[in-house]
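Everything on this sheet refers to the single structure shown next.
When the chains are written out, they are named A, B, C and D in that same order, and each has its own residue count from 1.
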Amino acid sequence: MPKVIENVGCPYCGCSCDDVRVTVSDDGLKVLEVENVCAIGHEIFKHGSSDHRIRLPRLRQPDGSMKEISYEEAIEWTAQHLHKAKKPLMYGFGSTNCEGQAAAGRVMETAGGMLDNCATICHGPSFLAIFDNGYPSCTLGEVKNRADVIVYWGSNPAHAHPRHMSRYSIFPRGFFTEKGHKKRTIIVIDPRFTDTANVADIHLQVKQGHDYELFNAFRMVVNGHAADLPDEVAGIKKEQILEVSGIMTKARFGTVFFGMGLTHTDGRNHNIDIAISLTRDLNKITKWTIMAMRGHYNIAGPGVVWSWTFGFPYCLDLTKQNYAHMNPGETSSVDMAMRDEVDMFINIGSDAGAHFPIPAVKHLKKHPWVTIDPSINMASEISDLHIPVCICGVDVGGIVYRMDNVPIQFRKVIEPQGLLDDETLLNRIADRLEELKAQEA
Amino acid sequence: MSEMLIKNGYVFDPISGIKGDKTDIAIKDGKIVEKVSSKAKIIDAAGKTVMAGGCEIHAHVAGPKVNAGRTMRPEDKLFRGSYRGGIVKQGKRMEMGFSIPSTWKTGYAYARMGYAFTNEAAMPPLLAPHVHEEFRDTPIIDQAAMPVFGNNWFCLEYLKNKEIENNAAYVAWLLKSTFGFGIKVVNPGGTEAWGWGENCVDIHDPVPYFDITPAEIIKGLIETNEYLGLPHSVHLHGNNLGNPGNYEHTIETLKLASEYKPKNKFGREQVLHNTHLQFFSYKGDSWGTFASAAKEVMDYVNKTDTLTVDLGCVTLDETTTMTADGPFEHHLNQLNHLKWSNVDVELETGSGVVPYVYDKDIAVCGIQWAIGLELALYAKDLMRVHITTDHPNAGPFTRYPRIIKWLMSKKAREATLDTMKRKEKIIKSTDLAGMDRELGLYDIAMMTRAGPAKALGLSNIYGSLKAGADANVAIYNLDATKLPTDPELIENAFSNTLYTIKEGVIVVQNGEIVAEPQKHTIWTKVSVPENAQVMRDIKEKFTKSYTVNLENYAVFDEHVHNPRAIEVEFSA
Amino acid sequence: METVTMTLVQQPELYFECYSVTPDLFADKTLAEIALLPAHEGKIVWKLGDFFKFEGKPGATAEETRIVVNGDVRKMKRFGQQMTGGEILINSDADMYVGCWMRGGKITVKGNADAFLGIAMEGGEITVEGDATNHVGSAYRGDWRGMSGGLIRVKGKAGNDIGTAMTGGTIIIEGDVFIHVLTHAEGGTVIIKGDVEGRVGGQMVKGDAYVLGNILYPLPGFKKIGTVEKEVDGQTYTFHQYIGDLGERKGKKKGEVIYGNIYLKA
Amino acid sequence: MTDLITLNMITQRAVEEGIAMEIGKTSPEYFDACSIIEMNEQDMKKLGIFKNTNVRVTSECGQVVVKAVVGRQTCYPGLCHIRQGVWANQIVPPRTQSTGAPQYSGFPVTVEPAPDERLKSALALVQGAVGMWKGE
């Protein structure tokens, strides 16, 4: 008799939907059916019980081939190399539960290395902006229940967060918003006419790379200097700027959702920095909040866990061992790769091979490279050691943080069948490291 | 069968009324006992001061808003001490941060000061799993957390309709769901109003849409609390915090409690705990005329046995303000223009975070500093007046030893006052300069252990050296018979214990962490009859308004660290 | 003034942190003691003597101590961190954090300096003969107190974030600058003799930017109020004066609103 | 009509790429989703190519051959887009402006027709870059 498991969390995007319905086989080994999930999430659950899943660590052989080894051997190999390295780097955590991220903190504090997460190439600039200007935000339920104006700026949920608009922002009928979409105004600011722009009431086609100037213009209007506005800013006509400013100041509750369109372009953090300033300005008049469209279902997690552990959300330098240091630009993964600052690389729950600029991959490849990931990916295919682990939300549970930092408790739907989860694996590596250090001392 | 005997120390234990007499303290299997065998490990405390482990009644040490502060303030970790991280690693993990310490530093620092328990002052129910994750990573000290109720839609609706029984059933359900300890109220109604960018400035200012007043919310929750007979009373951060002239609102708020009597089996005698009173004791109609109302406020507290308070002393540091009082943080940000974070939590509460520099050369800061100390020095019953800094709002908890120094030594107060540019203005606007009172060690024991433990309804476990209590003991390097003339030595003694013993295990020796035993999560388990109406209401709100499924809302057992339930048998 | 000459004898494998190389830490020590000062390469704690050989002698105080660094130290960080006096001369490129949190004295870099040059500097003087990169005289992450005093002169070009959150002091870039000059500033002066791509004075409360070249993308938040003569780095020019950032909050002094200024060479 | 144009490149996420990524980065789905460049029709005309022609895209730090399409989410003239992933990252400049985040969006590229060049697989590109590619 197949079992139906309700209220399952989806391990794909920052929406961290927790209403998935999964039907599993009687023996609890196979996912048979998945409901209430986007097309992408669907693939993850399918992959979870695919026969092609790697179930044992694989070590690169001199001839370039990979040979299956035991977890014990893999743990020993990793601990030995971490112990030897002067400045090892562990990067990733796009798909790891918080328990695993806490264990990773222990590993790298013991090893005296660098610890970084995917935010470093994604919403890292948002952290820099939060450092400088704070973060007037809210949980997604506030948006659902109160918001009458929604701004998607440099973000494209139709593609990156498939259920965001239906669960949280544009379409849901909330407590004070029974009319749902009908009573909401949607503004999309993006250089492309995206599929999200397609459902918006207003699309501002900002000149790519000039969002900062446009924010500056909005702030002038909000602060009473509309008269000094030029006829056009960043490709947007003055009339349109005034119209949109009017909508923003008349809103009862507004939210700005921003994404890679701001964090990946010139100025990086300052594009978000000034977005936060605009949000502050608007709160003198009415109620506005701002939120980063975090990419993965638990990429908010490492920022949260490492903040309470070390005081910094990412780009951690733990080499001093008595204290942590952080300064993106110096202690960030891509910068360290390009500068040859590190001498070992552990890629965990992410794919630096596919998502780092290729020159950075070439630099990192000069040194030992371990990939800890459930699947075959570009990183695993160039690494010296590939250690497969459980998929959070599929064969291990745990706490994850949604894009609004709301902790969601994920469930396990199928049996791990011999696979270790990140937390167990990393704690065993840390235990072994402590032994090696003790022997040395 | 581990046994320990602490011999010849000067013991200060208000719960058992020991006022500094030489007494031996016997410990067996983690509890205080009458006597132990000759095999007991002997600790010689001759010439030293012995107290129960410290008991914290109000500090923001774990959870989303605390962590938002850590995340937004990298500069809070910069160049502290000789190295950036401050002190060299003592325990298993590094210690980071000054005003908002990492969880590891939090546990270690409390232990070094001789504390055994701390009470997280505000837990947003929706985010409870986060609080419990931080508890897991906070070593040594036991912890509890109070969920916030003062802006919770369920409570606003039940209390508006005077449905105390339903409200009680909901409160019991939420305490279970979040593994929470008691009822915390922050700016009742005002934080819900902040959902629209508004506020409730006094207790009669109705809440938008819900059309109930803060006064009705406070009274309804006190009634609920005593109806259930919870260990702790309602724990209140009122309306209009931090503004000149707010003391009249404060007294008006305290009077709301006058019509209620405590009903509980935990020895608690108050029905309302007003937290960080310093922020509510201001005269004047502007920052220019800002002055102390400590006397007026304490006169009322002194004559009302059903009230307890904590101080919220300003320590004159660069720190980080954080509170579920969302509109206040926005207001503060408009004043100091530093960075501002805000987290409104659906259906439940909100919060804000703003860094703040209490500059001793600014008159208002100096006056705030004086008010915190005046409150204590005006107090008649120190069992009802507890030392806090509303950590980290008025200063970090690591400054408690400095506050103790100020309270025990007029000389120390004068020395600090002398360093202030606006000294004259501060002397004019407060009574502090004229106050000769110097507190003793027994007073300090009341304010930091016995008093808080009793107010929390936990004095059978914490803040006591009576047989049966947990064996939490602090031994300070102070000769009670001849206190040092140099007040700095008092601060040093309370900063780093000679020994801190947690449930019979020596965790600190000569100010250094030496062991990290298992700690507990304290929560309140109320058994109430199933209430079908309330369960229907809960299901409806989760289907319509929440963005998290009901089945994923309550904290899973595996995410609660070593829980220890305080059982409440409800009887209507 | 006495001089200690330190010469690189071997290159570290990774980057090397020279936080100990300051007149304050060298002063009144023997060369042997100096050689024992710590320096990190990753998690390894070396002694300065493991990588440098030392000649000469330091003065009794920082003020009386001059340090000359020879050899290619482009992979070495934090020269002159928190120094309060004396001099450092670096005869090559240097890596990040030259003169970070510097309070007094003089640093000269003959080659290029990498990012975070003189961040949160309080006083003293830094001269870079070559180029600098990003974050010149800006604040440490999250701090609202950037460079508050002293002088930084870069003879070549610089990148982004010049004087971010600056509150005082002067930065002179003789070449071109990319973007973000005096962002979030509440005081201080930045002089750019070359061109700037844009974002000069964004979110600026107060402060003065002088640009002798062009600004490719001027911010809408600045408005021209007239033309003035001003002396800049010893030379007088005519400037168009712009005030702003009109989008940012403004302070008042005796009822007068105080703006940030951009002086663009006419 | 010219044989080479300079465009402003951005690289962003697409749902097709997301699905394909979860199927597997070595899958044909991933190849089809990510080995394309989206550009404005006017720019194609300028380049004198038809839709679905292979082009060589060159940036300051590398080059890659991809298939030119117009795409549903239109770019204005002068702007072009390659979906985030292996092909895009052959040309994304690693410079971070001292923030840690590479220049994923807003960097100049030249685009030239390469009708006779074959598209490389993800593995060929990544393993090839680090000298591990054993295929043809």
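A few remarks follow.
Basically, contacts are C-beta pairs under 8 Å (C-beta built on N, C-alpha and C of every residue); 3 or more make two chains touch, one makes a residue touch a chain.
None of the values given here were measured: they were computed from a predicted structure.
The chain with its CA mean position farthest from that of chain D is B.
Of the two interfaces, A-C and B-C, the higher number of touching C-beta pairs belongs to A-C. Of all chains shown, the one whose average CA position lies nearest the global CA mean is A. As a whole-number value, the distance joining the C-alpha centres of chain A and chain C reads 34 Å. Distance from the chain B centre to the chain C centre is 44 Å, each centre being the mean of its Cα atoms.
One finds 57 Å separating the Cα centroids of chain B and chain D.
Note: centroid distance chain A to chain D, computed from Cα atoms, is 23 Å.
Contact of a single residue of chain A with at least two other chains is seen at positions 128, 131-132, 266-267, 320-321, 326, 328-330. Residues of chain D in contact with two or more other chains: 97-98. In chain C, the positions touching at least two other chains are 115-116, 134-135, 140-142, 144, 160, 249.
With chains as nodes and touching pairs as edges, the resulting graph is of another kind, matching none of line, ring, star or complete. Here the chains touching each other pair up as A-B, A-C, A-D, B-C, C-D. Residues of chain B that touch chain C in their complex: 72-75, 78-79, 337-339.
Residue ranges of chain D in contact with chain A, taken from their complex: 8, 10-15, 18-19, 22-26, 61-62, 72-76, 79, 81, 84-86, 89-90, 92-94, 96-106, 122-123, 125-127, 129-130, 132, 134. Considering their complex, residues 13-15, 40-44, 96, 115-116, 134-135, 140-142, 144, 160, 165, 179-180, 183-184, 198-199, 202-203, 217, 219-221, 223, 245-249 of chain C touch chain A. Taken together, the chain A residues at the contact with chain D in this complex read 12-13, 39-40, 43-44, 47, 64, 120-122, 124-125, 128, 156, 158-160, 162, 191-195, 205, 208-209, 260-261, 263-269, 295, 315, 328-330, 332-335, 337-338, 351, 353-362, 365, 375-378, 381-382.
Per the touch definition, chain A reaches chain B in the complex via residues 6-7, 9, 18-19, 98, 102, 106, 109, 127, 130-142, 144-146, 167-168, 173-176, 252-253, 280, 283-287, 289, 303-305, 307-313, 318, 320-326, 399, 401, 405-409.
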